[in-house]
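The structure follows.
Chain nomenclature is as follows: A, B, C and D, assigned in order of appearance, with residue numbering initiated at 1 for each chain independently.
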Amino acid sequence: MSGHAIHGIIGYTITPFGTDDGLDLNALARSIDRLIDDGVHAIAPLGSTGEGAYLNEDEWQQVAKSSVDQVDKRVPTIVSVSDLTTAGTVRRARSAEALGADAVMVLPVSYWKLQTDEIVGHYRAVGDAIGIPIMLYNNPGTSGIDMSVDLIMRIVDAVDNVTMVKESTGDIQRMHQLYLRSQGKLPFYNGSNPMALEAFVAGATGWCTAAPNLIPALNRQLYEAVRDGRLAEAQSLFYRQLPLLDFILKGGLPTTIKAGLGLTGLSVGAPRLPVLPLDDAGRDYLGGLLKELR
Amino acid sequence: MSGHAIHGIIGYTITPFGTDDGLDLNALARSIDRLIDDGVHAIAPLGSTGEGAYLNEDEWQQVAKSSVDQVDKRVPTIVSVSDLTTAGTVRRARSAEALGADAVMVLPVSYWKLQTDEIVGHYRAVGDAIGIPIMLYNNPGTSGIDMSVDLIMRIVDAVDNVTMVKESTGDIQRMHQLYLRSQGKLPFYNGSNPMALEAFVAGATGWCTAAPNLIPALNRQLYEAVRDGRLAEAQSLFYRQLPLLDFILKGGLPTTIKAGLGLTGLSVGAPRLPVLPLDDAGRDYLGGLLKELR
Amino acid sequence: MSGHAIHGIIGYTITPFGTDDGLDLNALARSIDRLIDDGVHAIAPLGSTGEGAYLNEDEWQQVAKSSVDQVDKRVPTIVSVSDLTTAGTVRRARSAEALGADAVMVLPVSYWKLQTDEIVGHYRAVGDAIGIPIMLYNNPGTSGIDMSVDLIMRIVDAVDNVTMVKESTGDIQRMHQLYLRSQGKLPFYNGSNPMALEAFVAGATGWCTAAPNLIPALNRQLYEAVRDGRLAEAQSLFYRQLPLLDFILKGGLPTTIKAGLGLTGLSVGAPRLPVLPLDDAGRDYLGGLLKELR
Amino acid sequence: MSGHAIHGIIGYTITPFGTDDGLDLNALARSIDRLIDDGVHAIAPLGSTGEGAYLNEDEWQQVAKSSVDQVDKRVPTIVSVSDLTTAGTVRRARSAEALGADAVMVLPVSYWKLQTDEIVGHYRAVGDAIGIPIMLYNNPGTSGIDMSVDLIMRIVDAVDNVTMVKESTGDIQRMHQLYLRSQGKLPFYNGSNPMALEAFVAGATGWCTAAPNLIPALNRQLYEAVRDGRLAEAQSLFYRQLPLLDFILKGGLPTTIKAGLGLTGLSVGAPRLPVLPLDDAGRDYLGGLLKELR
């Protein structure tokens, strides 16, 4: 399955914890089944929503294996393999490939700010180590590193298996430039929920989102409306779901999606400290939104 | 003619100067006729493109009168009346109304940063002074003041004749919030050229732009394609004109539009110092774009 | 009197308005006398504090003439001549020189963002037009233009009579770089009140401030303590006056200084709209500070 | 030894790696001895300079133990125990205390941005777990979280053993506010090298810096000159070392300090990928600075 086959709604999974703060792999499997039954076009474990950064190495391996196994090729699986060190990222990328992932996602994470040569070297090391496609991921809000369109195009040119770009700056002009620079040939994906409408209109191949854990039908219908050129319907669908998209972004995805899953009957525990679970006011507001939208 | 009748492509005029740095009102009249003949839906003199901030009071009055007279009600005229002081803004707003303008545009300009009460007071003073609609204009990049959606909605509620909002932050989320907060009832206009596609898709009533001085057909066709729900065509039209929209934004509108008008046969002089005319490399690049697009 | 003779506390004057919003030149004269009697080392009319940007041309000329005449060479006078256009700035600089000013201050003000060549050209035009020293003024917070240390050094090299630099970014590193780049030979002045201690310690020649309208003794004593190497005393003097320095910066200088002058017995009216006078809570707080410090 | 006893120059250690990318604990011991022999007043392992974030748990424990043992109470040791999770931070803090550290340093690191309650909870958990002092560390440039002075004071009030604050924003006003809010009673430390002069002048108790690996005498003399009120000498000492302080900040501390140690005869390997070692031009420039300053 080539990277180009990945399109539409890419559903991000949470990582459920039990009451002892340990992994709850059973709840993970159920959340994956729900997403696939609800029609997402791909599954992405261990991303920002999946608290990948908060897991130890053993936990990371368990979630990666359980996720790929549970998806079981029903749709493509994109495993986030980002680690602060290049060595750790390469090791996780190899694990993901060995487990059967269709692609990996790589976000360069900073403690020390990285120079462009350091970032290119990082992607090249991962690219050399695996044979499956890489989705380059730009999200300065969480990673502390902002890759310009110039740098992204340089990496795409330099590393053969970087074949997809996920953009989460929230700046639509980045997508316009990716489109113009590649004559519309580089698949790009939107990672900023409240920009879903304009990203698809600008030519995004897919929408990387945790929202289908809560409102899968609305997410999918928006994608289909733009794809089929039903513009008025797309606008209406977008504005309907926008309050929820804004809420999950501002409240933090693990916090809000875990709360929302609980409200819809799937108990997945709280995020890991220092991240706190959703407070009562937030839970009431989210409950109201879900009642209206589902 | 009510504010709500203003829609589509609102063409911004430059202010032509002769070799002595004085006004060239003849060239102004010709540029207005060109815009109307080319199909813009409204004319907006003395805005950012029109170097309104760089004129003395007498020049401002001459350009306002010449513009309204030349348009002669063929389309609505929106006169920018912004001044650093409230007294100056009120005086210009009254002049514009007396001259026959259909609406005025007000950008709060800062030297000292303004508090929200000061901005509300400024709009209220203008609103109390005139009987025609006001287009509130938010453009922190030139004015140094960023009005939040909260503040804009507060002003719209407080001042009856603030009936339109022009948003130029370049952040599409502002438009989404204006739409949501007003249940789609507050007409908003896009002032950021490279955001033309997504602004219309998000529900913008019009596009405030100097681009029709150079590529009026492409601008109008983009508006019509979105209006009529031809999405694929809108995307294609947008990406075709985007390099020019990017260029005029980054190069400064008076600098690039005046150069472009010269290249298309209408000599309108240079911007006022310290703003410099377009250099040779820029002129060559712009000439190439125009050859391709016109 | 050469530019190098300007040092210590440069006191900025307000521009008093009467009840009719017209100039109150009598109050202006009294405020200048108070500053000189209180020991400031130079007087600077028509700056940010002086609402120079909010005056019409005739008012500007009256305030310039009255100020220079009233100072009457007791201390140097530095007249702010900034205007949005180069032509206007040159005209005001020539007026200031003709009136007898010892130096002029030039802040490049933007509506359209200026490129470096445009800024250099602006300073060169003023430099060519007059024979007295120019204090280059960098204050992105009010002007919208941030001149890097590189650009400032380029202008100082290119324009002979740019002999002083006033830095108001609030970033102490800018002063360190001005010192290193010029081997300590370029006089620089601090325009950020809450940075007064470290600016002098870093080698600033003077402090450009409106604070001596309210607490002249504390301002002068801080300067003298650093100059004479009494560090513990300088620190103590600084922390004593810092709450007031913070307050006048955050509240806006015309707003707070005019209110403070009123509280100390010199009625100078309100700032020009849209800028509002200090509210009651602010006036109470400021009154408390003044009671403690004077 | 109480937290208040920590003052002056707090020397940050690098973490040396061998050719196999494994720890070189022998070189670590030698670098610690050099710092103590050169007169630093405290030793801080596993901070930003020490690449603490790039070590696995076993490596972290080894470096912590080796460092505390090697210092052997000759001066206080402050161990950085920051981890993304609260559980990991608590575990490391307990280890540090058990090993004999005099204090721990805690930087809240974000992947998901933290709310104030989450940050307070994080510090409270660490404070409850150990009996030695905590140095709160604010460094948004590396951690992605900026703690306001309000929040810092709230944490200091809420958690008894948070008794010291390290400020690395580079904004001198933060230190002024810490001083004013605590009436000069809360010890604060400067973590921004190019601000060393003004931080001490503003009342900083110490300077947290990796510079003494390279220029210990100049660092210590600057501290002593300010402490003893020799202001002219302090200014001169500061400007002499500023080019090196700027260079190590901009080039990244592990990159530049490791290169500098190599240039002075102590081979400590390269930083961990993706961070690259210093390139040849940088090495030449640094060598020139060191020849001039040592």
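Rule of thumb we're sticking to: contacts are C-beta pairs under 8 Å (C-beta built on N, C-alpha and C of every residue); 3 or more make two chains touch, one makes a residue touch a chain.
Just so it is clear, the structure is predicted and the values come from calculations on it, not from any experiment.
Taken together, subunit C and subunit D share no touching chain. In a homomeric contact, the two copies may use the same or different surfaces; for subunit A and subunit D, over half of the interface residue numbers are shared, pointing to the same surface.
Rounded to a multiple of 5, the C-alpha superposition of subunit B onto subunit C involves a rotation of 180 degrees. The geometric centre of subunit A is 35 Å away from that of subunit D, both derived from CA atoms. Subunit A and subunit C, compared by their mean Cα positions, are separated by 52 Å.
Taking each chain's centre as the mean of its C-alpha atoms, subunit A lies 39 Å from subunit B. Chain contacts: subunit C has no residue touching two or more partner chains. With chains as nodes and touching pairs as edges, the resulting graph is a single ring in which every chain has exactly two contacts. A list of each chain pair in contact follows: A-B, A-D, B-C, C-D. Subunit C meets subunit B in the complex at residues 21, 48, 53-54, 56-57, 84-87, 108-115, 117-119, 121-122, 125, 141-142, 144, 252-255, 271-276. Those residues of subunit A that touch subunit B in the shared complex are 170, 172-173, 176, 179-180, 184, 194-195, 197-198, 201-203, 226, 229-232, 234-235, 239, 242-243.
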